[in-house]
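Sharing a structure with you now.
Chain IDs A, B, C, D, E and F follow the sequence of writing; residue 1 opens each chain.
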Amino acid sequence: SQKAELQAQVHKLADVCWEQCIDRPRDKLDSKTETCVSNCVERFIDTSLTIATRFQKLLQGAAANM
Amino acid sequence: AQELLQRMSEKCYKKCIVKPGTTLDNSEQKCIAMCMDRYMDTWNLVSRVYSQRLQ
Amino acid sequence: SQKAELQAQVHKLADVCWEQCIDRPRDKLDSKTETCVSNCVERFIDTSLTIATRFQKLLQGAAANM
Amino acid sequence: AQELLQRMSEKCYKKCIVKPGTTLDNSEQKCIAMCMDRYMDTWNLVSRVYSQRLQ
Amino acid sequence: SQKAELQAQVHKLADVCWEQCIDRPRDKLDSKTETCVSNCVERFIDTSLTIATRFQKLLQGAAANM
Amino acid sequence: AQELLQRMSEKCYKKCIVKPGTTLDNSEQKCIAMCMDRYMDTWNLVSRVYSQRLQ
């Protein structure tokens, strides 16, 4: 289902951004860490979109050469 | 929530239990509680930013 | 099935405790390594239980505030 | 190809985005494009060597 | 299906050999890196076969001792 | 046992094959055999401790 896929994506992102932004857990998520997590999610999505778009172009280029 | 509990257990075990002893000592227990709270904060923040971006 | 879930948990624990306790494989599992593996399993279960209990309390607290 | 796209995204994010900022800057974008091309080269080479070995 | 299993194996191998052979992505896959990836796949398969064979023998030894 | 074989292959490849050559040399083969035996010891011990704890 689509809901399960969204959940899986949030789990994956939480995992990646946890590893990148949280070194040692503290009393609260300070603003620097919040910014890091928030940018991590945004840049990860940008990366995925960049890759999906480029992949699409490669496929079209390959199809044009057939 | 099963998946979240499993991921938190693994992440927080790895962060907090550097050398496993015969019990969870006090500082390990505090570390686990704090780690869990921060993991849930992170999860909620990720979920919020991701949802906003999807709209 | 429940058996499959137990197996999956043993695989996951073997993975975590292998990474934590075995640096370089030797002729046999010496007693220090056995103790490490055994404590690793026990403390991992303690960690899971601590987290599940705390999570339960947070949910109840959230429900009480509704 | 879904699985490949997901794996490339994760690998290339980790290689190229060391400190996430407010945009993908130029050097990050170049890194992602190059990383993706090399990952696909690697994937194709692995696939070829693996198929030959199976025969 | 068997095709899905082969695909999964290629994904796993690409993952392992990428981590082992590509430190920093460059303009092209140079011949040194190609050799590394190619050897990585071959040695990984050798490792899997060695382990499967030895496992088989252990099972037979265990059966013989019953 | 398929899952166990796959996990052992990956763990022992990573432990024993630091720089893959054109064959598995002698020391790599010994390392793989020893790694496999220790992984199975670990798996059996984990399984035993886990079962006891569940009772």
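Some notes on this structure:
Here is the rule we go by: contacts are C-beta pairs under 8 Å (C-beta built on N, C-alpha and C of every residue); 3 or more make two chains touch, one makes a residue touch a chain.
Because the structure is predicted, anything quoted here is derived from the model rather than measured.
Common neighbours of subunit C and subunit F (chains touching each): not present. Chain centres here are Cα means. That of subunit B falls 28 Å from that of subunit F.
Taking each chain's centre as the average of its CA atoms, subunit A and subunit B sit 19 Å apart.
Here the CA centre of subunit A is 14 Å from the CA centre of subunit D.
Residues of subunit D in contact with two or more other chains: none. Looking at subunit A, residues 42 sit in touch with two or more other chains. Taken together, the touching pairs link the chains into one ring where each has two partners.
Traversing the ring of chains that begins at subunit C and proceeds first to subunit F, the chains occur in the order C, F, E, D, A, B. For subunit E in complex with subunit D, the residues that touch the partner chain are 6-7, 9-11, 13-15, 17-18, 21-22, 24-29, 34, 37-38, 41-42, 45. Interface residues of subunit D, counted against subunit A in their complex, comprise 1, 5-6, 8-10, 12-14, 16-17, 19-24, 28-29, 32-33, 36, 40. Within the complex formed with subunit D, the subunit A residues making contact are 12, 16, 20, 36, 39-40, 42-44, 46-48, 50-52, 54-55, 58.
Residues of subunit D that touch subunit E in their complex: 3-4, 7, 11, 15, 31, 34-35, 37-39, 41-43, 45-47, 49-50, 53.
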